[in-house]
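Scrolling down, you'll hit the structures one after another.
Same chain, two partners: subunit A is paired with subunit B first, then with subunit C.
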Partner chain A sequence: MKLADRGSHDVRAALAATGLVLRIPPVRVRVRSPIAGFAARLADLYGEYELHDTRDYADIDIRMLPGARLRRWVRPTVQFVVDGVTPFEPFRLDHAMPMFEWGLNWVFAHRMHQFLLLHSAVVERDGRALLLPAWPGSGKSTLAASLACAGWRYLSDEFGVVAASGMVHPFARPAALKNESIAVIERMRPGGVGPVYPATRKGAVAHFRVPPASLARAADPAPIAAVVFPDFIAGAPLTVQPMTPAVAFLKLAHNAFNYEVVGERGFRAVAGIVRSAPCRIVRYGDLAAAHGAIADIVAGAA
Partner chain B sequence: MQPRWRVPASQQLLFEDLDDGIVLFDAQVGGTHLVNPTAAEALEVILESPGLTAAQIHRRVLDRLGLTDQALPLAALDELLHKLAELWLIASDA
Partner chain C sequence: MSAANGPSRLLATLHDVAGVQRLDAAGWESLVTCARRNAVLAYLAHRLEASGLLDNVPERPRAALVSARIAARRLAQLARWEVHQIARVLVPLGMPLLVLKGAAYVLRGMPHADTRLISDVDVMVPRSALEDAERTLVAAGWKGTVLHPYDQRYYREWSHELPPLHYPGRIIGVDVHHTICPPVSRLRPDPAAFWSHAVRVGDEGVSVLAPGDALLHAAVHLFFDSDFDGRFRDLVDLHEMALAWGGDAAFWPALIARAQALGLGRPLHYTMVLLTRLLRTPIPAAVLHDSRRFAAPRGVDGAMTHALTTVLRPIDPAVWPRRHRTLLWLLYARSHWLRMPAHLLLPHLLRKSLRRVEPGVDPQPAAR
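And now, the complex of A and B:
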């Protein structure tokens, strides 16, 4: 059963009681919250996700709770609680959904050490996955969302989930688009972007809805065919710069969440990637030009 | 007395030889270094034969890489060993 198959009243009641267990491969996430507005936003973004029985085991247990009692009336806030721990300062109440998304990223990065977690968007076409590793601000989420709009399978905007086999697994969740990117992607896929949250800690934020075709294959890993470090600069002409394996190695390892934690497995996994996949830096000021370059890189890796 | 070099017992060094360099993983701290063939060979020699002096390591590295004293003077190798020690990759008993 999908979340959308439950009525809005039912979803709100379930979240306020024992919670709902969302299947977001490779994890199951239990979510609980008495906040009606959050229930509606969760149903909006995660409506097409499968639900597990609430009695099933969940890898991650999240509660989105109203802030301290005195503040509820003055400036209402929301707290992110994971397994009983509150790791962050509260957010304003109407930013509960961005907080849930960022908090889930944080928990995933701190716990899923059976995988090497690269800080990377991931898309796939014709059975070949493309890693787009980058730090925030380089345009990886926008590029990944735009490629998904152009028919690529969307695996993640934040995590390259690399297994010991060398395959990259999806962690297909809504992509966090910021500021000008929101309108760009909305134009490419009308209705594909959720509500805008103005004035968050990262500016205006809205979430790209995972395309149904990508969600239908949310448990299917793919081999890594190419690595592109995106570098968006407004107005910049397209340039494609090759990277040698050792340089790409250091850049990939530096762009990982848990490289030091997973130790030798991570070291060998990164070596395997840079040996087998071409690595490039693509600087661009225009998404269409970047798409063309990326298609050529991945085709050349076949 | 000449220092004798070894990799600390708690240390584990892993190597991957890529086209344009050798990457070294320091498993003790989870750090990665890009090293040249001379450093990689020196570390391999020390791993295989702990307790050698700089002169002994120098001779073996020259043999392995097919280099002459002029291409890799002992002083350069000695300086390299001290740099590796600063990174806690090796230690001397001196």
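And now, the complex of A and C:
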């Protein structure tokens, strides 16, 4: 059963009581919250996700709770509670959804050391996965969302979840689009972007809804065929530069979430990727041009 | 889903790990969540592994256990490396160097050493060498923590350690101590007594406390510290030390005599009571009886052991906000009473509580 198959009243009541468990492979996430506004936003962004039996094991247990009582009257806030701990300062109440998204990323990055977690967006086409590793602001989320709009399977905008087998696993969550990107993706896929949260710590943020076709395959890993470091510069002409395996290795490893934690396994995984997959820097000012270059790189990697 | 009995389930599992074979999915979730909340998930993984039970754990809880184990192993490796870096700059000066607590468990090769969430390496140097040690470490690249000027003064005048040092880019900090209790506290064991019994480990010129002293040190830090919130893992450390060394029949009488000589009987008494009550640590009955002589007068002892049993039980992650906050505050006030004379304590607590309403920096960690 999908979250959207439960009525909105039912979802709100369930979240306020025993909670719901979302299947977001590779994890099951238990969510509880008495906040009606959060329930509505969750149902909107995660409507197409499968629900899991609440009596079964869940990997992550999150509660979104109203902040301290006094504050509720002045400037209401929301707390992110995981395992009975609040790792973050409260957010304003109407930013509960972005807080849930950031918080879930944070939890995932801290406790999934059975995988190497690269900091990378991931898309796939014809059984060939493409890593888009990058620093915040380089446009990887926008590029991944735009590729998803153009028919690629969307695996993640944040995590390259690499198993010991070398395959990359999806962690298909809404992509966090910022500022100008929001309108760009909304134009490519009308209705594909959720509500805009103005003035978060990262500027305006809105979430790209994962396309249903990608969600239908949300548990399927794929082999890594190519690595493209995106470098968006407004107005820049398209350039494609090769990157040596050694440089690509350092860039992938140093920007990963848990490279040092996983140790030798991480070294072998990154070495395997840069040995077998071509690595390129694609500088672009125009998404369509970048799509063309990327299609060529992945086709050439066959 | 019945996460409500997480603490009892965690304790029962630590008493007898074979009990996990009877857990259903909900039972596993409450056990894993409670162990993680109390910073003993990697320890639980180690216990299951040592009993040959880890491979039979269902896939998802096993993944959580294995992940926690990987993270804790890495921290132990970093702690060992940080000790190496410290020894490299201090030992050539001829400075005696004692490694304490978590990093010492690593150097001793204790079975639970690489299951702990180590955030700092604690080292001790003689008081006369303290300034030299700080200067040398700072010259070698470690940076002092930027503190509120009042906190700086508190550390330097009344505390038993320097403000924490950090090497840029490393996650493990360094605390340099010159004694094991705050110099103004009512417990005043002579640091020379610890130095004279210290034992060398490895070949880098580094020492650790003698086993009994290490246990007493951990006991002082647990029972005479200000913060009893989330300290269950410290009780697990004491449990592991008792198991590692208590098999030697001579250990216990020597420990009691040592506690008596150093004036550390009271924390040893609490250790015995709490270990027996919460973790069922096998301590000989005669030793338990013997250590009762260190107890406070009956009424006080009853109240204290009740309070300690309450706050040192594993925290229940299902309850929010957490229970016993008033009790924790009372114990906080008590610890300050024990460590500072009243004419220093009252202004200190007043400063601290006023500071809470001052505008501060946003301590929010980076969420991506």
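The criterion applied here is as follows: the second predicted complex is superposed on the first by the 302 of 302 C-alpha atoms of A that agree within 3 Å, B and C clash if a C-alpha of one lies under 4 Å from a C-alpha of the other, contacts with A are read in each partner's own complex, and residues count from 1 in each chain.
Throughout what follows, a residue touches a chain if its C-beta (ideal position, glycine included) is under 8 Å from a C-beta of that chain, and two chains touch if they have at least 3 such contacts.
Bear in mind that the values here come from a model prediction, so they are computed numbers and not experimental data.
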item	value
Partner chain(s) touched by A:A236 [first = subunit B, second = subunit C, both, neither]	neither
Touching partner for A:A36 - first (subunit B), second (subunit C), both, neither	neither
First, second, both or neither for A:A13, with subunit B first and subunit C second	neither
Chain touching more of subunit A, residue-wise (subunit B, subunit C)	C
Subunit B versus subunit C as contact partner of A:A213, first or second or both or neither	neither
First (subunit B), second (subunit C), both or neither touched by A:H113	second
Which superposed partner A:E260 touches (first subunit B, second subunit C, both, neither)	both
Common interface positions of subunit A, toward subunit B and toward subunit C	260-261, 263
In the complex, subunit C residues that touch subunit A	1, 3, 25-26, 28-29, 33, 36-37, 58, 60-61, 63-64, 66-68, 70-71, 74, 315-320, 322, 362-365, 367-368
Interfacial residue positions of subunit A with respect to subunit B in the complex	244-247, 249-250, 253, 259-261, 263-264, 267-268, 271, 274-275
In the complex with subunit C, residue positions of subunit A that touch it	18-19, 28, 30, 54-59, 61, 63, 65, 81, 83-85, 87-89, 102-103, 105-106, 109-114, 136, 158, 260-263
Residues on subunit B engaged by subunit A in the complex (per definition of touch)	12, 14, 16, 18-23, 25, 27, 29-32, 34
